[in-house]
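Below you will find the structure I want to go over with you.
A, B, C and D label the chains in the order they appear, each numbered from 1.
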Amino acid sequence: MNVAIVGASGYGGIQAVNLLKNNKNYKISYLGGNKSSGSKWNDIFPFIYLDSDLFIDKISVDNISNNADIALLCLPNGISSTLTRGLLEKGLKVIDLSADYRYKSLEEWKNVYTKEASIYKRNDNDLCKEAIYGLPEINKDAISKGRLIACPGCYPTSALIPLVPFLSQGIIENEGIVIDAKSGTSGGGREPNQKFLLSECGEGLSAYGLINHRHRSEIEQIASFISGNEIQLLFTPHLVPMVRGMHSTIYARLKDPGLTSDDCRILMENFYRNFSNINVLPVDTFPSTKWVKNTNQNYLSVKVDNRNGRIIILSVIDNLLKGQTGQAIQNLNIMSGFSMDEGLELTNNYP
Amino acid sequence: MNVAIVGASGYGGIQAVNLLKNNKNYKISYLGGNKSSGSKWNDIFPFIYLDSDLFIDKISVDNISNNADIALLCLPNGISSTLTRGLLEKGLKVIDLSADYRYKSLEEWKNVYTKEASIYKRNDNDLCKEAIYGLPEINKDAISKGRLIACPGCYPTSALIPLVPFLSQGIIENEGIVIDAKSGTSGGGREPNQKFLLSECGEGLSAYGLINHRHRSEIEQIASFISGNEIQLLFTPHLVPMVRGMHSTIYARLKDPGLTSDDCRILMENFYRNFSNINVLPVDTFPSTKWVKNTNQNYLSVKVDNRNGRIIILSVIDNLLKGQTGQAIQNLNIMSGFSMDEGLELTNNYP
Amino acid sequence: MNVAIVGASGYGGIQAVNLLKNNKNYKISYLGGNKSSGSKWNDIFPFIYLDSDLFIDKISVDNISNNADIALLCLPNGISSTLTRGLLEKGLKVIDLSADYRYKSLEEWKNVYTKEASIYKRNDNDLCKEAIYGLPEINKDAISKGRLIACPGCYPTSALIPLVPFLSQGIIENEGIVIDAKSGTSGGGREPNQKFLLSECGEGLSAYGLINHRHRSEIEQIASFISGNEIQLLFTPHLVPMVRGMHSTIYARLKDPGLTSDDCRILMENFYRNFSNINVLPVDTFPSTKWVKNTNQNYLSVKVDNRNGRIIILSVIDNLLKGQTGQAIQNLNIMSGFSMDEGLELTNNYP
Amino acid sequence: MNVAIVGASGYGGIQAVNLLKNNKNYKISYLGGNKSSGSKWNDIFPFIYLDSDLFIDKISVDNISNNADIALLCLPNGISSTLTRGLLEKGLKVIDLSADYRYKSLEEWKNVYTKEASIYKRNDNDLCKEAIYGLPEINKDAISKGRLIACPGCYPTSALIPLVPFLSQGIIENEGIVIDAKSGTSGGGREPNQKFLLSECGEGLSAYGLINHRHRSEIEQIASFISGNEIQLLFTPHLVPMVRGMHSTIYARLKDPGLTSDDCRILMENFYRNFSNINVLPVDTFPSTKWVKNTNQNYLSVKVDNRNGRIIILSVIDNLLKGQTGQAIQNLNIMSGFSMDEGLELTNNYP
């Protein structure tokens, strides 16, 4: 299976090279970039050695489709939409890591990604409708049959996995859910940006995007679909002075205040018993993002305030792996008929 | 005014030395420590030079009372209670930075600080009743007349200041308040401790003390007092890979969902118009803990989700200053008749 | 004394605002910037509050000279040379924090700053000759009479202060000196730059500019002047994952291998007995950059390998204060007839 | 092959578990610890899951030898010497990660490790003589035949690999070598220790152990052996605010000042052509420790100052892998007849 990594020199692309270069099921047959095009991979990244030492190629539908059966699009929002129809028409499967196909309606995307919508004049509502939201924990069958996968955002991944068991079974109230999320700076990408300079964000923590962060609408769309009711929630992301890692602290109210922490733990455990990368911890064991760094794992922990039936769920992932490219490889595996986690048996290398 | 700094070589004591050494209103007349006793200050801390170069003395009521008019107790929980009555009887005023006198009832303290209660057999409920909770924003008058001040914990300080204007005026529902707090590692103190090693907590973020953290009960006690109703809330602290800084993200529900972000901003601004260290930011300006590092300031920002009348308030402090010793110096100033912020005109030195 | 801060929103400018805003000897009468011009200071930097809340003005000789008696130029290399002659002709004094006037010969500058020399067609060798190298430890008298001061680079400051006592008195060999220097990332400035992203330089250390870093020639120029002989040395800077701080580890050979560590310590102590910001530590006390963070201090420590007469000197400064703007304020004080360290009694606020 | 990991819950032991748990050539048959004994591995380290979920056993010769063919001793200095003779007599092979057998003479060890020598009354000079210094780059054949391997320290590993090609061929002067080394904090181990608290060493860099650090004598012993002459050098370690990574910057003088940077690069490349984990970079490519994090790689870069024939060599390793347990596994492979790097094909996971 020949795989194109499009947007190879960003963090998404780098993870993809790392994850695929020794994977016997796939061959990296194309690397695409714009700023870096014309360079050999090993000259730019001597520390991520590729035996094939591919040139980084200009990005175009032809360049990609002449060289690959499946394309991983690791590109800024908006750009994927200029490539996807062409790639699909050439018979490729497309796994898109951007937000372009995460909404079932193009209108909704335009409402949320207003800046990108003003640049890219999209007209592909049919593809929005067709695209499968690539969260294997809820969509594994659909993914296996899809030709266009929209990989979830990192925040939605970290928040939806813990919420889905409770929402789908109506265990928690739909109203009043709070997601307080914390991310390492690599979520901000590799482009030069003052606010992600070590001098600016080192030794400091701050919230951003209150009420209106784009990922809120993505979470609400899926959470509403899962619960069968429209869900409005509060979502606050925070920037943490570390490179990798994402932690979501989720607050909700149990419909039955008599449930114990252990009841809730068992519920999550059962729900994810077939997902080896979802690990539900014993009550009162609280995970660090450090535990999942460099892996595709998700650790969950749940605790109930028995005074009032409130529940807290903790969820940690590596924002660049389960939160991004690791999940993309899960999708790639599912689409290709391999075991979901093949090639994702990664070592955390604590500390 | 001769001031004793008791517990001088911990982070609380070091801040106190720094804040007082050039303050013309006070003289550091005594430094107390146990492990460090017998050493000269400048030998241990050549980078925090004291002209007087005091010896660090063994801690005892006599040693303190022979040398000072007022004592800052920067000691682990429980130990203050073994000194305080003696110091008061000798006519000293006491500013305690531990939790020993933060509860109006000794029983409550024993319920929360069970481990310490098993070590220190306290019998000073009268002092618990007498002690003033040293949050100048709500207790300035009482502090000015007190002889025993219980300085608030860092988390309660960062959370109560933003909550008080809304609770005292009945603007938010008492039920369902969430405080999601993040702290730098210096909150864990200077004692050797595996979990605060850079190797363990660097490049990682984790929650701890879910539901049952001791500061929850402290916050609930004051919040209930302020609102006039019993308040139960959710409080989750997180350990952040940085030295200093504390960020509280607070979620609540407005009674009147028609209030705007600006309404709420103005409400806080008015409430704190006489407190120059409380800074309410324009709507959509979100503070970093970096902004308050090395200062006694508190920055607040508020935003309303107009879809459903939910409110988010952000609050940042330096956990060792406004969250600890800076606040103690405010109390010292108020008790001594000086302007509350004298000697606390500190420079942030960004970045 | 009205002071213009030109380049106000970079790290040099921010430090200058911080250092001068409460200094009774000076008034910040002008803030200049290009990207930030038109904004009010307090809107951009709410956490560094200026009572006057000046507008940031477009940078021009007229704008500066109409508003100030003395100009602090905190600008990228090359730009100062376009303003300095004009400012001097208008009667202003100029303190330049860039490299533009650090070399006694314009030719030498052009050889080292080739990129800038190709952009800025300079013709001001007379000013290069006139400018005083603003290292108070060696040039205090000349600074007091100068009208154009070239503030040293951060690396040269950290390396020259420890070397000068040994070079000026011929204690060490001129040949074979090694300066291994380590800097926090704020030395790279506030402009967006991929290599200074937290994600790129966090959790990693690397050397750069081997053999040919620009500061090597600056160090060699001054060291040669001090010793009276041409000195060639090895200088290697390293980027350290922290915001502020600079550490130079200097290796040399004693001419008299019988000298002890204490002999060398005393020699430095005597040499700098009139400089209260230069602190020579006891033998075997090794400073951390953390000790000088947020201060204008320089801590020195020296040790001799008695087997072979080799010497190691450690030197730590805050790269943005003694390494940049703090030193500029020393120069400002000296030029203005104030005590050198006035307004620089800064608190380290450990940890 | 049954392997015992003795000292399993320190950083050395944790790396060993990580490296061996999926290695088909070895079975982790015993985990030994003292403080952690009696616990199940997965209870302490849920994020480093062991299918076998071994108990951590008390450390004793019998416990180890009843369960394993080969022992990895990941213990504090001195303790290995109490176990090693017993283990060898029971027929086990021993790979010791401490300093106990790194010196060819017990006397030398006692001179350097004075504190340990006062606690552990050693009498095993025969084993010191027998032990093989486990640096595969110089001792591969001897390792393959040995039954007791003394794994090198992290600093010696990072410094000797770049020096050996030059010393063994007499390319550089023996006199005047400087090793300026920088290490992440995990080199300080996992025991609680004030100086390794994030609050103490975060946002600061400091040197330690000037002139007399223990690793200097280890480096000198091997360097002298390699060069055939007694070598005295300067070695200065520095503590860097990051978890993992080690960088050595080495300064020396070429005997033939006409050699170019490329000559030196080629020399290293040829010397290590059979070592796939030693990577010599193109001239003017300078490695970050980030490049080798989580891998067993060593990147080298060399540059000559053609003005005076001085040479700078950069060397980066992961202090816990090539600097410790990764190297131990290389030794294990060599002793066991496997390819040296089997199971060490590790992914860096940049950033």
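What we mean here is this: contacts are C-beta pairs under 8 Å (C-beta built on N, C-alpha and C of every residue); 3 or more make two chains touch, one makes a residue touch a chain.
In this text, all values refer to a predicted model and were calculated from it rather than measured experimentally.
Ranking A-B and B-D by contacting C-beta pairs places A-B first. Set against the Cα centre of chain C, the chain with the most distant centre is A.
Rounded to a whole number, the gap between the C-alpha centres of chain B and chain C is 37 angstrom. Separating the CA-averaged centres of chain A and chain B is a span of 39 Å. With centres taken as mean Cα positions, chain D sits 45 Å from chain B. Chain contacts: chain C has residues 11, 186, 199-203, 241-244, 287, 291, 351 touching two or more partner chains. Looking at the complex, you find that chain A touches chain D at residues 11, 14-15, 18, 22, 45-48, 186, 202-203, 243-244, 279, 281-282, 285, 287, 291-292, 294, 297, 299, 345-351. Every residue of chain A that touches chain B in the complex is listed here, in rising order: 175-176, 178, 180, 182, 199-208, 210-211, 232, 234, 236, 238, 240-245, 247, 249, 251, 253, 284, 286-291, 293, 301, 303-305, 307-308, 310, 312, 314, 316, 351.
The part of chain D that touches chain B in the complex is made up of residues 11, 184-186, 188, 190-194, 196-203, 241-243.
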